[in-house]
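Chains: A, B, C and D, in written order; residue numbering restarts at 1 for each.
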Amino acid sequence: MQLGMIGLGRMGANMALRLSRGGHDVVGFDPVPAARTGAEGEGLATVASLEALAERVDAPRVLWMMVPAGAIVDATIASLQPLLSPGDVLVDGGNSFYQDSQRRAAALDDAGIAYLDVGTSGGVWGLAEGYSLMIGGHEDAARRLSPVFATLAPAADRGWARVGPSGAGHYAKMIHNGIEYGMMQAYAEGFAILERRQDLIADLPQLAELWRHGSVVRSWLLDLTAGALAGNPQLDGIAPYVPDSGEGRWTVAEAIALDVAAPVITQSLIERLRSRDDNAFADKLLSAMRNAFGGHAVKRD
Amino acid sequence: MQLGMIGLGRMGANMALRLSRGGHDVVGFDPVPAARTGAEGEGLATVASLEALAERVDAPRVLWMMVPAGAIVDATIASLQPLLSPGDVLVDGGNSFYQDSQRRAAALDDAGIAYLDVGTSGGVWGLAEGYSLMIGGHEDAARRLSPVFATLAPAADRGWARVGPSGAGHYAKMIHNGIEYGMMQAYAEGFAILERRQDLIADLPQLAELWRHGSVVRSWLLDLTAGALAGNPQLDGIAPYVPDSGEGRWTVAEAIALDVAAPVITQSLIERLRSRDDNAFADKLLSAMRNAFGGHAVKRD
Amino acid sequence: MQLGMIGLGRMGANMALRLSRGGHDVVGFDPVPAARTGAEGEGLATVASLEALAERVDAPRVLWMMVPAGAIVDATIASLQPLLSPGDVLVDGGNSFYQDSQRRAAALDDAGIAYLDVGTSGGVWGLAEGYSLMIGGHEDAARRLSPVFATLAPAADRGWARVGPSGAGHYAKMIHNGIEYGMMQAYAEGFAILERRQDLIADLPQLAELWRHGSVVRSWLLDLTAGALAGNPQLDGIAPYVPDSGEGRWTVAEAIALDVAAPVITQSLIERLRSRDDNAFADKLLSAMRNAFGGHAVKRD
Amino acid sequence: MQLGMIGLGRMGANMALRLSRGGHDVVGFDPVPAARTGAEGEGLATVASLEALAERVDAPRVLWMMVPAGAIVDATIASLQPLLSPGDVLVDGGNSFYQDSQRRAAALDDAGIAYLDVGTSGGVWGLAEGYSLMIGGHEDAARRLSPVFATLAPAADRGWARVGPSGAGHYAKMIHNGIEYGMMQAYAEGFAILERRQDLIADLPQLAELWRHGSVVRSWLLDLTAGALAGNPQLDGIAPYVPDSGEGRWTVAEAIALDVAAPVITQSLIERLRSRDDNAFADKLLSAMRNAFGGHAVKRD
């Protein structure tokens, strides 16, 4: 079907491409000319403004945003809304906070525009392997877009579903990412222990590869880990510095708000904070305390 | 090749069966008659004593133990050793502590018997899907048993490898299980949060199934989780009580001994301890303290 | 000096009493008649309405709120504001969120009313031992109230200070309570371990008392703990159920917002959540997973 | 009473001095000449060998070891034992593992020598303020040494007690230190959060001092923290590097062995490990994974 993709960054361009290759009529827009040029180089049709996009896509339109979460989503909606007609469907496929999506859906609903929040997982591999799509919002709108979902997903009949009303898609993605943090940290800790015992197990890439087949810990993240270690067994040149985006924080806040104990997901987030704080005041103070009560020597900076 | 399997519990019987189906000449032994009868019912040949096993398997023998870790391994070796000949290979495929395996290997080495510690992952699904095998010990002995490993593994060329000298196989399995604890806890926390928001996402089995395809958190453990939730979405009748075996504890102790921070694996173990302590003294004392300083009401038993 | 106390619950009544005994002219108000009667029984003057309070206290007035944080503070301010005059000082001595205090101070500032946020620690013992007062807001207003602070604090020259502008007092109290959570949990865990080894150390109250003198862990919380254990060594009749109020949650959220790793304060909060969840879905799911991959028996409800 | 002090390091010399000032007849020994000279400078009598010590102290002797835990305790006992007589009492006042103390007590008991394990808290301040003494071992021996304990403790009637049989004293000290780790970490985290908000609370030393009076978190550790911050508010020149000694590790291992959840004490230990690992492999791997699945940029070393 016909679809306008708003945002031609890594995720948006790949998704547009997968849809285009799947036979859909896709036109892309990105405010950055270089992004449009890149997409055109991949064979995608693009337009240079939201106005042109709204004109180029036939009503009732299907428009899909892949833009950074937060203010940019609100700004995009504000610019788009005057250009839309009742019956159009607008999708937010980014990592928005689910309560923002609920608010946006309610506001657009008043204008007769259906808003779907679609948690999208799969990263840079999604182009080849397909995306996991967690869809929140109107049932009718979700049903209408099913050909799109079927193409984006790994297979027509799996990897996508409407999981609930507005907000449910981004809620599911938030929890997905919280779980992801915990899984990643579990692998990272295991390999960090192994890295200290290369007297015993010299070849970590071999072990990671071995575990991919038949073990209880086999997973897609392990596939990637094995690949990363195979190319760079000592992880040379990589700083021990781990960013985090919003979903992990939101998961932690949500768990606390619900009175659910989520110690491992929470600790995984805290480890990322810690990785970025190379001069922790807390540790300095611990050292000062030890000196104060026990006369223990303080290591100097 | 010819192989004697010692221990016909769930794991041992399945492995013997997979080997037998793979064309190997397998004879099993278990001190429990019912275990032997069960194995025979599956078409396995069995004998009723270690002596008979040593006689039935031609020297240089290949014997594989799948018995509970700890004292039973030592007792089995003590009984076996007089029956063995130089050149025999004895495998411990169970979850032994790696330092025990190193000690046992050194002791048997003096008698000319090669001892392999083979960390074995795959659980009850290994019969059908193959096992992940992490092999520690002599290179020659490992090479000699390669036809056995190739049959037990998911495929002849993957899912098994000699990862290092004696102890390395069980060390790798220990870390594997530590990672497993962390992954399981991450999923468990994520679904526990979701379970409180069934107003938003009503169908947890659907979401678990969806994530299996294309998402970053797809894994074999998620496959099993999706299966468990599909059959029992509310987990009715299952107590929130989680046992642990030795590997998680050993991983935590090893991390500390190596000065490696492993907070998530550690916390995953602690959560299991907590699940089994339904009347925690710590929480009672917290409640008593709150009452003491703030006059806050204490909930009574 | 003259002061009106709004809220005659445990904290408010005790503080009014300490001020009255210290020579200040205190009049109390509480919407609940029984609270007023109780305060009168202690010798406090009371009035039955905010209007009467505003009339009874001479302008420029000093009014001190000890009411539950949140909506009640806003409602009290809304009722009070028409009764106040420029130059009055209004104090919030409760556990309000510091950003709420900043908002309220800004709003009242426009009306010429100084708003002080005073984090107040000391609990039920404050009447006898004095309160620790962390004061945020205008310097002039803080200086004007110094006779009040000097009486409430353990001594005229210590235990109170203006720590910064509006919000600083409640911010300091928030962090204070976060630290309190961590300290309490540390003691609770230590005694929980000891409680399992009564074969070795039979008399926990004795040990708690011993530590009060000369040890590194001596503290006021330990004084209270020793008292609680002396009266009830097995903590009989106390449920392992630990409430939490907002400050711990805010501390955790603030740490994450600032990218500061605060794992112990965070985990202390999570333990309280866990203490109140007697049928954790996460643990059920872990048990179900173990069954799914390893065939391990599930404990039934 | 008469007492020989073995080990004249910081702790041993101070304790000998406090005993000597308290009217006891103390003679000290240390294998390091400089340690003896230093003690003599404080007015202590010393001898240059264990033989001389055994001769100088009248039988039945009271000898007190303040030497590093581990092999040095065993070596000291091995050297001493031939010099001792039935009826002598030997004290280990250091931070030995409680099971070592149980083993040593049993061995010496066969020779008629009473062995007391005395957990000693108080650090460098003990000389002036007295020590907290947790005593394990024979009741008769403990009673015999009560004049010594009464002098070492903050007061004759408090701060010391026999808490159980052999091992109990060091067990209590182990748990004491575990609690200490948790408390220290709680303060450190709280001040680390505050340190980021100096826009709001500029004067951390003032706040620490304020909390010492009347607050729920007042403690001796806070007294020391306030002192450390007063002298160096930004903790300039102190590296964020925190050593740990054995007791924290033992506490963690003991909690796990007893199936007691001690997440905060455990995490406090892990934070110390983390403080000393400035190039964590785990964090590098997390960064590599993020790059692998999401194409997220990796920060380079």
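Following the convention adopted for this analysis, contacts are C-beta pairs under 8 Å (C-beta built on N, C-alpha and C of every residue); 3 or more make two chains touch, one makes a residue touch a chain.
The shown structure was predicted, so the numbers you read here are calculated from the model rather than taken from an experiment.
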(message) Going only through chains that touch each other, how many steps at minimum separate subunit A from subunit C?
(response) 1
(request) Compute the centre of every chain as the mean of its C-alpha atoms, then state which one is farthest from the centre of subunit B. (result) C
(message) Same or different interface residues for subunit A and subunit D, judged by whether over half of the residue numbers are used by both?
(response) same
(request) For subunit B and subunit D, let me know how many angstrom lie between their CA-based centres, rounded off. (result) 40
(request) Find the geometric centre of each of subunit A and subunit D from their Cα atoms only, then give the gap between the two centres in Å, rounded to an integer. (result) 48
(request) Can you check how far apart subunit A and subunit B are, centre to centre, with Cα atoms defining each centre and the answer in Å? (result) 33
(message) Counting only residues that touch at least two other chains, what does the list for subunit B look like?
(response) 123, 185, 187, 189, 192, 216, 220-221, 255, 260-263, 267, 270-271, 274, 280, 282, 293
(request) Sort out for me which residues of subunit B touch subunit D in the complex. (result) 216, 249, 252-253, 255-256, 259-263, 266-267, 269-271, 273-274, 276-277, 280, 282, 293
(message) Can you tell me which positions in subunit D touch subunit A when the two form their complex?
(response) 10, 123-125, 184-185, 187-189, 191-192, 195, 220-221, 224-225, 227-229, 232, 235-243, 263, 267, 271-272, 274-275, 278-296, 298-301
(request) Give every residue of subunit A touching subunit B within the complex, in rising order. (result) 98, 121-123, 126, 129-134, 136, 153-155, 158-161, 163-165, 167-168, 171-172, 175-183, 185-187, 189-190, 192-194, 196-197, 200-203, 206-207, 209-222, 251, 254-255, 258, 260-265, 267-268, 270-271
